[in-house]
Amino acid sequence: MVWYSDLQHRVSRKYMPFKYLRTVNFVDTDGAGVVFFANVLTFCHGAYEAALGAEGFNLREFFSDRGELILPIVGAEVKFYRPMYVGDCLQINLKTKQTSDVEFEIDYQIYKVEHLDRVLAQASTKHICLWSKERSRAQLSPEMQAWLHKFS
Amino acid sequence: MVWYSDLQHRVSRKYMPFKYLRTVNFVDTDGAGVVFFANVLTFCHGAYEAALGAEGFNLREFFSDRGELILPIVGAEVKFYRPMYVGDCLQINLKTKQTSDVEFEIDYQIYKVEHLDRVLAQASTKHICLWSKERSRAQLSPEMQAWLHKFS
Amino acid sequence: MVWYSDLQHRVSRKYMPFKYLRTVNFVDTDGAGVVFFANVLTFCHGAYEAALGAEGFNLREFFSDRGELILPIVGAEVKFYRPMYVGDCLQINLKTKQTSDVEFEIDYQIYKVEHLDRVLAQASTKHICLWSKERSRAQLSPEMQAWLHKFS
Amino acid sequence: MVWYSDLQHRVSRKYMPFKYLRTVNFVDTDGAGVVFFANVLTFCHGAYEAALGAEGFNLREFFSDRGELILPIVGAEVKFYRPMYVGDCLQINLKTKQTSDVEFEIDYQIYKVEHLDRVLAQASTKHICLWSKERSRAQLSPEMQAWLHKFS
């Protein structure tokens, strides 16, 4: 308990710039009665979308492949500690890290809103900035760099 | 900063029918850039879940097949009038109709929250009450009948 | 064996212009241990894609919104008779009907491959042809009309 | 006319690892016109299911949480090298590794069937064996160990 309290304290001051809430729907569960593993990464992407939308990004343009730049996901990792059930209200804490001029990572900590001292799962995604036509590396836009800074 | 993905917990229900809010996620869209048609029915089921949860039903028990009764969906219909895009905040108005001792229907009207005068899609689902073991018809529970009455 | 052969014979001559096989995956099921209702329509769309691909349509171009014409789904219906489980190998029989110069419908009958005498579900989708920019009604292309004729 | 959606039942398994074929469906793509990242892990789970089914495991029992043992996924990783499009026919090569009496890993290499020299993505999942009631670690069953050996 002391350990968790302490962790919570650290997390809330240093690591928690964006909080996303999401209720688990029935469609997210599988025949074992819990959230299907890959859907946890889908929840995390929802947090990413919300953190972009909250800063004024137009999501439809942002995720389109018709602009000059695209930001595909090049890798993802997820660890599962506890199952999630239909009706659970989840909180996802999102934290960004710009790793170079052309790349960034996002970390996600997933909790039930009524147990913020117990991580249910944690995940990360890696993103790269590319020219959409040539598919060659491109520098992150100033807007994106500002966004990354804000939630780092 | 907090972002509500699917706002059923904040939704007011002062007037019938039940209102459910839900943001369209990127995963819900398809290669044509709009919500994949079948996902609209999934959104409607989310409204159904929220309307049950709002009245105190335990969703995990409710949707399990381990209780005495089950309430499978036996039919669904949906009509699409306008496309939905990532980031759209949808409002689904849900209305129930008990059609017999053992059956009920739910109607759904889907809007963008900023255009409540323009229906994007409408749908309905038909449900039947069965004994979970015998799969024979069973009378709807008093709790379920009360729920159906409330949102009718 | 004779029974199945016979059935197969009848079906293939009279009722089965296109057959699509698909195994139910775990992700398709929900917490009640059966296929989530809206996913049945997703399976049907898979049959539609396969029937297009089998006739040489380039699916990536066909479903893009960047060509001159688009063919959005404007309505769908589905009836469920029996549950479907993970590992079930389904057969979907697809039949088309051109209803006007600009519209068509597709009917789907869903079976387990080992019980082609018992329909698990049936569905239909309605499609309309539009100019992609103006979103006004457009005549179905000769290729599409040929496809519709082939599986009618 | 027959079209095979996910061809595990036709797949040859003469050489290790297990090979699984799967066509990308429209629902798997997102508004950028490519497969949504988390769906690649869902495809990998399909390969896992097929490799179990091919060895005679009853998938409905296997993935249920009602038996004595459960095998939850405790971690997953995925790297993306090239995009996948609707209609692409993918081959997933699956290889197992028993890492202890109670744990195993599965590696997945994903290709287009017509370019088996170019990996599109690779992934891995970690699984642990638990007593379903106590949620404490349990030894992998002999059947599961044999399966793991076969595809290692």
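Per-chain numbering from 1; labels A, B, C and D assigned in written order.
Methods note: a contact is a pair of C-beta atoms (placed from the backbone, for glycine too) under 8 Å apart; a residue touches a chain by one contact, two chains touch by 3 or more.
Keep in mind that what you see is a predicted model, and the values were worked out from it rather than measured.
Between the contact lists of chain C and chain D, the overlap consists of A, B.
Ranked by how far their CA centres sit from the centre of chain D, the chains are topped by B. We define each chain's centre as the mean of its Cα atoms; on that basis chain B and chain D are separated by 32 Å. With centres taken as mean Cα positions, chain B sits 27 Å from chain A. If each chain is reduced to the centroid of its CA atoms, chain B and chain C end up 25 Å from each other.
For chain D, the set of residues that touch two or more other chains comprises 26-27, 30-31, 33-34, 36, 38, 42, 45, 60, 63-64, 85-86.
Taken as a contact graph, with one node per protein chain and an edge wherever two chains touch, the assembly is complete, since every chain touches every other chain. The residues of chain D lying in touch with chain C in their complex are 1-6, 8-9, 23, 25-27, 33, 42, 45-46, 49-50, 53, 58-60, 63-64, 85-87. By the touch rule above, chain D contacts chain B in their complex via residues 26-27, 29-31, 33-34, 36, 38, 85-86. Those residues of chain A lying in contact with chain D across their complex are 30-34, 36-39, 41-42, 45, 60, 63-65, 70, 72-81, 83, 125.
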